[in-house]
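See the structures that follow.
Each of the next two complexes has subunit A plus one more chain, namely subunit B in the first and subunit C in the second.
Now for the complex of A and B:
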């Protein structure tokens, strides 16, 4: 007999059903079908609205946020409008943006890594900025970074590359007088730095999946083209050699496990790493978070070592564009994007605070930029020979990078042999492209 | 011979409601909002998601293509068993270890130790911290290059070189289980302590008079009394861990090289990193079938307990 009229068995059964419900939600709530408006080319709202959203991963970064907030504040004051700042961490940015954009929640201006442009443009929500772009005075290379399928979807904000940064103080300590030019010299340098002891990680190379795409320039260094026409070449001897070499560095503790860009910057900032991969922006970010106030002066851009003398150093193009979502605030957001990426005073101030070179001819000619040693050396040593990834053209680029990264990681942790892993990676990439 | 008809069975007397609702109608009325909510937020997405499992569908693009059972066979011919094994390793580890710790602490707190009230509050501390925060704390502790654990172990001379706790398949799962244990042992401790407090003191006194030692008393008196609570606690924790996501995702993201991939992380990665909603829902469907089995076990146990 129960006073409430509900038996214990009944209550427990209900509890069980509740648990099942929660299980169902946990398992499948996250997998709800794509929103019904994903087929629409506009996310709705008044395109003439002066108020709009600006989505950027940089607003999530301590070192970058103040500079961008300053640009937004100046715009709001001048235009008497309201810009809502939206942000997600870089590693989660594409997933979050894709979901919100598909769900019709993202409007206005969006900051995109040039590697993601194809994936986002294929959703059919971005405005064609072909009529606006000529007003910006962008360099040809920069302008091309915002093009997908013959249409100008992004206005280039920054165009550069990802390369190797060296700590000249640590190099000097290890008796290394010049930057290593070949893979062999690089390995010798790493061993010399390891000899310094004190828990130094000679090369804070990426070993976590999130940034293991950094392996691509090394694969290219060893002679893998990644793609040859429509054929995926990952899995060829050169890619296997590159991963075998990477594994050798890992096993010799010349690179460390469990490192992504964030960890690499932290290690470099603590003076515990002599080399790491980053974009030109790395100097500003890493030096800002380091306790060593002389670190910025010790940071040097370095040509990626080549397999044989005379080979072309490999580097990956890198940059950001601002794209516009069809819908609410579209016109004002377009003007904002044009202003942010091409107004000389704005780009100059942005460069001063973030050491990010602009994408316009006038901006690059600005004495502040042209006379900055780090930037000019970076352009000369790294950006000059940088190329885009052949996978950027595919909407599945992020999955392709992850598929390769997982296989490389399997090699590093000893779960797979380089040859098997690269063959599997090649097959997975080919299947993703086909799918 | 009597031709009289057998006496009619008295028809069940209908309850007089006097214009009021019958008990059944009243119960239906009470459960209607819950059922409506359940149908809206559980049944509809569930059916819709299960349906999606039969389509090739990209989360970013409009349209989809019917592919029959392809998405299911993709998993069953591929990584399903590996993911199941890893999910079970995590689930069993993250259920049993905190259970043992929680039970030991509950026994200690129930023994009337001085300051047990304060200790109870203190031990609850990990439980009130959000799971993601706990995971970030432990991520920092386990960090290979500047983590606290390596620092302490190196300073004390236990290890010579830093260990990549989260970067090696062997230690990554262990690290994830340790983190989850830290977060969930307080809940188990509280539940078991509540169970222990219902054990009549007289039983212990009688057993003591009969000469039973503490171990004998535990197995003969304490355990039979708390077995019911313990089995419910274990089963619920098992079901929750079978679905657990945040600790694993924050600490390892399912890596390294898939060594800590469970159903939860695999579904998330497939849906929101791979944008392949068809395959993600197919895996979600298979995962749910396994969860259904667990729920059936749960109901059986609770029913048996109720009948006893």
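Now for the complex of A and C:
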């Protein structure tokens, strides 16, 4: 009988062979003929082809799929072409897209979160849509969300922001007559709401690492620019002040531990939170989860309080763009993207089904949109001054957000002092950027 | 009786009584120890059982809750309003049935392919002596040491170049790559326990090597082969990352299918997802119920020589 025990010699041999095997597999993969000219900017194929792919995570989601399939079907009928719908789950979308775009599998039009545009554009596979964009009539804020490195890589589909939503019923109950405008007023309002008792969390702010990127607009509120040119400014006095304030709210139980967006919506939906951060679409999502059928009417978009009266309210830009991959079906995909994002009838119908604000001036002026008070107020109060994150330009954006979030959480749980934590966060972000 | 109790005890009687008393005390102590050990055992069983079964209970409770109840904060351990609407919604979702069929096809082929190939490899490693045998064995084992995600990009490029993306073949081959090493080593261990004398006897009786393997060795190793097959099936059934990368919607299996369907950008349909998870785990649970004795026997068969 043989022995299956592994001697030191055997183990060394095993590792050696394993490494050789891996190198072999790697070489096989590297030598494998790529279906595209992976080194070039183009994915090859007939750019004039009327058929193309449309990749979007929304094509998976029950709430969005029917509306998008309707747009695709109408396009196919009008243009007598075939659009292949491709989709990946939202949380896997960027990694799958990166892999498949790099491998030449992805062509045509691709739906991108604006936070991902830079990472995808850096791959050198996207078409410059600078000549097409002026035809869309997009708003300035929207148009900027599709720009990377001075080039228009994306046509804005929906443009909104992450802002603060208030529950007017709870505010009234606590005797708060108008939305707090400054940080000081905000703190007073939170204390008044806390006084209502009943386990109310006045502000369901994000305190879990997964969503603690919500701290960035507060850092900006306190005067931290996050980046100044190529220098990371996290760690400066303003960022330390912001985190110290956040910790103060946490210790005073004005915000709660272990809250992410899902928890915040649940708390808000049950009337146990007066404020929380969300995108404009949050109204529909939270109201749908709530047993209180009057909640939707009580939800109000609120300007993020500023440090000093007269400061610009901070908000994070949020939305989606459609980008075009160089190569097969490029021309038709570009027309499709333009039509989907700017055709008035199409954007109006899409707004009706999804409550996502359009990105064009005409779209926003459409009666269906204009009569929706929540959306128009949101656009006016929050999106108007919203800006993108300076970290979106880096492929390591997710790691950067996580690095900062972990340090903020360390402060909240008392494991670190705000100054030390922010200095460390700044160093980590700088190191990630250099990578 | 009365006289006996009133009569003073002799020395021997006292000794006997003392011995009986000591025996009673010892028995009581033993009984107490037994009760204590039973309580400890049951406590351990309950704690471990709760650890294993609470997530299943939570799965069931959420599946039977309405979205409003599922999002209650703090969460409720027992649903107040039970609803079966999450289960009825599943039956109406054709795409989920497609995902399930894909999972069954891919996991079954992976199981069969893994067992067939691992049987020949394991038998070869166990019963034949040739140059490079040990190196090959160790190479098979070494392949288990690399994170699977590491090979994802490479496998993607290979399948892409051979035009195999979005096919069952790509999924089956990638799953088999990861199930093979354990199957080979598991079956080798089982073949090691089969005496060489049995093979020699078969040879003397005129059986060829193929006949010996198929007619004599394979039936004896059946529990191990079933265990290896179950392992491979579950691996194929549960995989997420390879299925989402190598297959499109038409060929995608349940794990990515469920995530795609129920976990969205803005919200997660937890009650429906839990209902779907409960339903799709049934085939695996049933398979384990019927084959668990083979699984336990097969996993341990090669462990003692």
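Heads up, the rule we're going with is that the second predicted complex is superposed on the first by the 285 of 435 C-alpha atoms of A that agree within 3 Å, B and C clash if a C-alpha of one lies under 4 Å from a C-alpha of the other, contacts with A are read in each partner's own complex, and residues count from 1 in each chain.
Definition applied: a contact is a pair of C-beta atoms (placed from the backbone, for glycine too) under 8 Å apart; a residue touches a chain by one contact, two chains touch by 3 or more.
Treat the numbers as computed from the prediction; the structure is a model and nothing was measured.
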item	value
First (subunit B), second (subunit C), both or neither touched by A:431	neither
Touched partner set for A:291, first subunit B, second subunit C, both or neither	second
Partner chain(s) touched by A:410 [first = subunit B, second = subunit C, both, neither]	first
Partner chain in contact with A:90 - subunit B first, subunit C second, else both or neither	second
Which superposed partner A:122 touches (first subunit B, second subunit C, both, neither)	first
Which superposed partner A:272 touches (first subunit B, second subunit C, both, neither)	both
Which of subunit B and subunit C A:263 touches, first, second, both or neither	both
Subunit B versus subunit C as contact partner of A:345, first or second or both or neither	neither
First, second, both or neither for A:399, with subunit B first and subunit C second	first
Touching both subunit C and subunit B, counted on subunit A across the two superposed complexes	13, 15, 17, 21-22, 25-26, 28-30, 32-34, 99, 263, 266-267, 270, 272
For the subunit A and subunit C complex, residues of the former touching the latter	1-2, 4, 6, 10-11, 13-15, 17-18, 21-22, 25-26, 28-30, 32-35, 57-58, 60-64, 86-92, 96, 99, 103-105, 262-263, 265-267, 269-270, 272, 279, 281-282, 285, 288-291
Parts of subunit A lying in touch with subunit B, wherever the complex brings them together	7-9, 12-13, 15-17, 19-34, 38-39, 95, 98-99, 102, 119, 122-124, 199, 201, 207-210, 253, 256-259, 263, 266-267, 270, 272, 395, 398-399, 402, 406, 409-410, 412-413, 415-416, 435
Residue numbers on subunit B that touch subunit A, as the complex places them	38, 41-42, 45-46, 48-50, 52, 56-63, 143-146, 161-162, 164, 166-169, 236, 239, 242-243, 245, 253, 255-259, 263-264, 267-268, 271-275, 277, 280-281, 284-285, 287-288, 291-292, 295, 298-299, 302-303, 306
Parts of subunit C lying in touch with subunit A, wherever the complex brings them together	67-68, 71-73, 125-126, 129, 134-135, 137-139, 141-143, 145-146, 151, 153-158, 160-161, 165, 185, 188-189, 192, 196, 244-245, 248-249, 256, 259-261, 263-269, 305
